[in-house]
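In the two complexes that follow, chain A is the common piece, with chain B as its partner first and chain C second.
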Partner chain A sequence: MLKQFLIPFLLLVSSVGVFGQGKFIAKNAYISFYSSTPMEDIFGESNEAVTILDSENGEIIFQGIMTTFHFKRALMEEHFNENYMESTKFPKTKFKGKIEGFTKDMLKAPVANIKITGVLNVHGVDKTITVPGTLGLQDGKLVAGSKFKVIPEDYGITIPSLVRDKIGKEMEVTVKVNYVPFAQ
Partner chain B sequence: MKIRTILLIILFLFLAGIGIGLKMFFKPHADVNQTDSAYKVKATAILAEFQKDENAATAKYSEKTIEIEGKLVAKNKLPNGTDLLILENEMEGISCQLDSSWATANQSEIKSLETGKPITIKGICKGYLMEIKVSPAVVVK
Partner chain C sequence: MKRLYTIFAGLILVFFSGNLYSQDLDALMNAETKPTIDYATATFKASRIINGHSIEQMKKKQLDFRISHRFGTLNNGAYGLYGLDQSVIHFSLEYGIKDWLMLGVGRGSYNKTYDSFAKFRLLRQSSGSKVMPISVSYLSSVELNSLKFDTTPIQTSSTTTTPRINYFSSRLTYVNQLLIARKFNENFSLQLTPTYIHRNFVKTELDPNDIFAMGIGARYKLSKRLSLNAEYYYTYNPNNKFTDTKYYNSASVGIDIETGGHVFQIMLTNSQGMREGTFIPQTTDNWFDKGIHLGFNISRVFAFN
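Presenting the complex of A and B:
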């Protein structure tokens, strides 16, 4: 009688344990974006994005708070939050995607190129994107990175025509992550 | 004579405009060390507020200078050299990135900070993402 309940129970507990070990986290992931303009380069960076990588299925989640992006000039930061991103209305940016052709070996191999497809949410607008990236071990630690371009208008960000020509059509986004095992 | 006065006034307004424009353009970032805190809270109390109702707490604290008293549980350096202090809980606590110019001037004070001891920090609250993000921050005591 006891065995009947105990064995399924133990199996359940152990499977939960395995599942919990299968995740990697970074609470201070780096995200920057850059656009060159004739007057001045626009460059903002944040060290405060949170990301979780599920080693069971290769799912990656990112979240960032818009106001954590820092700029060289206070005025740029103000314009970024108030005029373009409307950070009070849309405080966070999110990405949820999957590594294409994911296998667990990718987490034990040296850094290699990968492709990630998922939904990026900026300024409250969802858009499916496929971006190139890198993933693998560097000095025994799991690192990931990506560099891709986004067009502000795709996310409903309106840039006044007066300054539209002065801001590059595309923004280059750079992501750098040092993952650590997520002990749950 | 009159035209001259008008031209002078226009010139003056023009220069004043350029001056104000330049001042705005080169406006420095707010110095968190010099700003008064809008709220003084205990770390456990503000964590409870965010966990209970994130939206309400974000509306209340986001972009405000707050003073937080709590227990230091971790002291790290980010890859770019930023000093990071974590209060109460390493995974789901309060993460404070120290102001870089303040940190440069106060390295010995940062070195002397011990984990497990009480600490009071002051910084700008950025909201909640698994933990409360505060940056830039300075150590009050």
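Presenting the complex of A and C:
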């Protein structure tokens, strides 16, 4: 009789434990993008991106809220949200992917190069990308980073000919993360 | 039977936990996403709707250099190049001290006026975790008319005169406005502007020192970089007791064109003054009687951070 309840109970407890277990999170991940032309440099950054890494299978997810990106020039920030990203319609950017050839040892080794393949959603458009990155322990903490290029036009972001000379064809995206174990 | 039940229950739980495990990251992300306060931005393109102030103001450490022209009336015809031969100019420097406070100084050729203003943001329209349906700002401005004083002696009777005494304070006009705006959607914004103007010195004793007016302004976005604007100021107590000078409400339509760091505003208006103390109480041209002026504002923003 006891067994009859005990087994499901144990399973229930273990299933709850699985939720969130073996995961790493960062709630203030850094994302910036940069383009340089002779006319103007464009630079925006956010310290408020959220990312979760699943240590079981190497899945990784990012989410950034467009209005958390800040620029030196207030007008640039307004144009970024109003004219290019259309932040009211598409408030978030997301990435969900998997670390290629993931093993749990990667999380215990010093920082090493990795490759991540996944779907990047910007401006409501999904695109599968493979980007280089780094992952590993630095001073006993799990850190990750990446630097890659995106082309605004790939995500349906149109740049009028009038300002074409001021905005680079490619944006260099930089990501820096300090992960901490996920706590319920 | 009991054992079967146990296994079955166990399987369901295993299945359930496995399910949690794969939907995991998205669900976790949603759980970790904090609700945000979404402030309405770019209710208008520039700090002016057309002649009057909009709810917009310079953010901290941003400087706006504005140059405006209003030309003569269009009915000057080809001889006066439709008013372009005569132009009234105004330029100003406007700076964001804080995100909620902007100060500006300017000079206009209409009545040779110097002006200064302060715009305070009181409320910001927002949605999300904090809901505020409107944005409200307060504008306070002082205008100084620097035209040469009339020094002709005052005729007290057919033979006697007394010297005219002029005071500096006679040059000053004070403007107080409450800017109440709402961005209804991506394209449409509306603003109400209750206005109180005090003029220290007026032309005749029939002219009121205190002027009360209500402004209404709107913009409709035609595309990401082009918007259609309209603005109307209704004056409650204009002085229309004389037949030779009649004062009209200021009415304007215009478009805003945005080109990166500049905003061009091109308009048709019946007012030639470009500050509240002139275009609200002193508009003497009439849209329906050859009184339309072409004009433009150019705004160039510099960042100091």
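Throughout what follows, the second predicted complex is superposed on the first by the 175 of 184 C-alpha atoms of A that agree within 3 Å, B and C clash if a C-alpha of one lies under 4 Å from a C-alpha of the other, contacts with A are read in each partner's own complex, and residues count from 1 in each chain.
Heads up, the rule we're going with is that a contact is a pair of C-beta atoms (placed from the backbone, for glycine too) under 8 Å apart; a residue touches a chain by one contact, two chains touch by 3 or more.
Because the structure is predicted, anything quoted here is derived from the model rather than measured.
Visitor: Let's test your reading of the overlay: on chain A, do chain B and chain C clash or fit side by side?
Guide: They clash.
Visitor: For A:160, is the partner it touches chain B (first), chain C (second), both, or none of the two (neither)?
Guide: second
Visitor: Once the shared chain is lined up, is A:67 touching chain B (first), chain C (second), both, or neither of them?
Guide: Both partners, chain B and chain C.
Visitor: On the A-aligned overlay, A:59 touches which partner chain: chain B = first, chain C = second, or both, or neither?
Guide: Touch status of A:59: second partner only.
Visitor: Go through the superposed model and pick first if A:27 touches only chain B, second if only chain C, both, or neither.
Guide: both
Visitor: After lining up the shared chain so the two structures overlap, which partner does A:134 touch, if you call chain B first and chain C second: first, second, both or neither?
Guide: neither
Visitor: In the superposed arrangement, does A:83 touch chain B (first), chain C (second), both or neither?
Guide: A:83 contacts chain C only, not chain B.
Visitor: Which touches a greater number of chain A residues, chain B or chain C?
Guide: The partner that reaches more residues of chain A in the superposed model: C.
Visitor: Answer with first, second, both or neither: which of chain B and chain C does A:75 touch in the superposed model?
Guide: In the superposition, A:75 contacts both chain B and chain C.
Visitor: Based on the superposed arrangement, let me know which partner A:174 touches: chain B (first), chain C (second), both, or neither?
Guide: Once the two structures are laid over each other on A, A:174 reaches no partner at all.
Visitor: For A:35, is the partner it touches chain B (first), chain C (second), both, or none of the two (neither)?
Guide: neither
Visitor: Which region of chain C runs into chain B, 7-15, 61-69, 205-213 or 223-231, after the two models are superposed?
Guide: 61-69
Visitor: In the superposed arrangement, what residues of chain A touch both chain B and chain C?
Guide: Chain A residues touching both partners: 27, 50, 63, 65, 67, 73-75, 88, 91.
Visitor: Which stretch or stretches of chain A touch chain B in the complex?
Guide: Chain A residues touching chain B: 27-28, 30, 47-50, 63-65, 67-68, 73-75, 77, 88, 91-92, 176, 178.
Visitor: Sort out for me which residues of chain C touch chain A in the complex.
Guide: Touching chain A: residues 2, 5-6, 9-10, 13-14, 16-17, 20-21, 24-26, 28-29, 32-33, 36, 38-39, 41-42, 58-60, 62, 96, 186, 224-225, 259-261, 301, 303, 305 of chain C.
Visitor: Which chain B residues qualify as touching chain A in the complex?
Guide: 24-30, 58, 62-63, 78-80, 82, 84, 91, 95, 97, 126-127, 129-131, 133, 135
Visitor: Under the stated contact criterion, what part of chain A meets chain C in this complex?
Guide: It is residues 3-4, 7-8, 11-12, 14-16, 18-20, 23, 25, 27, 50, 52, 54, 56, 59, 61, 63, 65, 67, 72-75, 78-79, 81-83, 88-89, 91, 96, 160, 162-163, 166, 182 of chain A that touch chain C.
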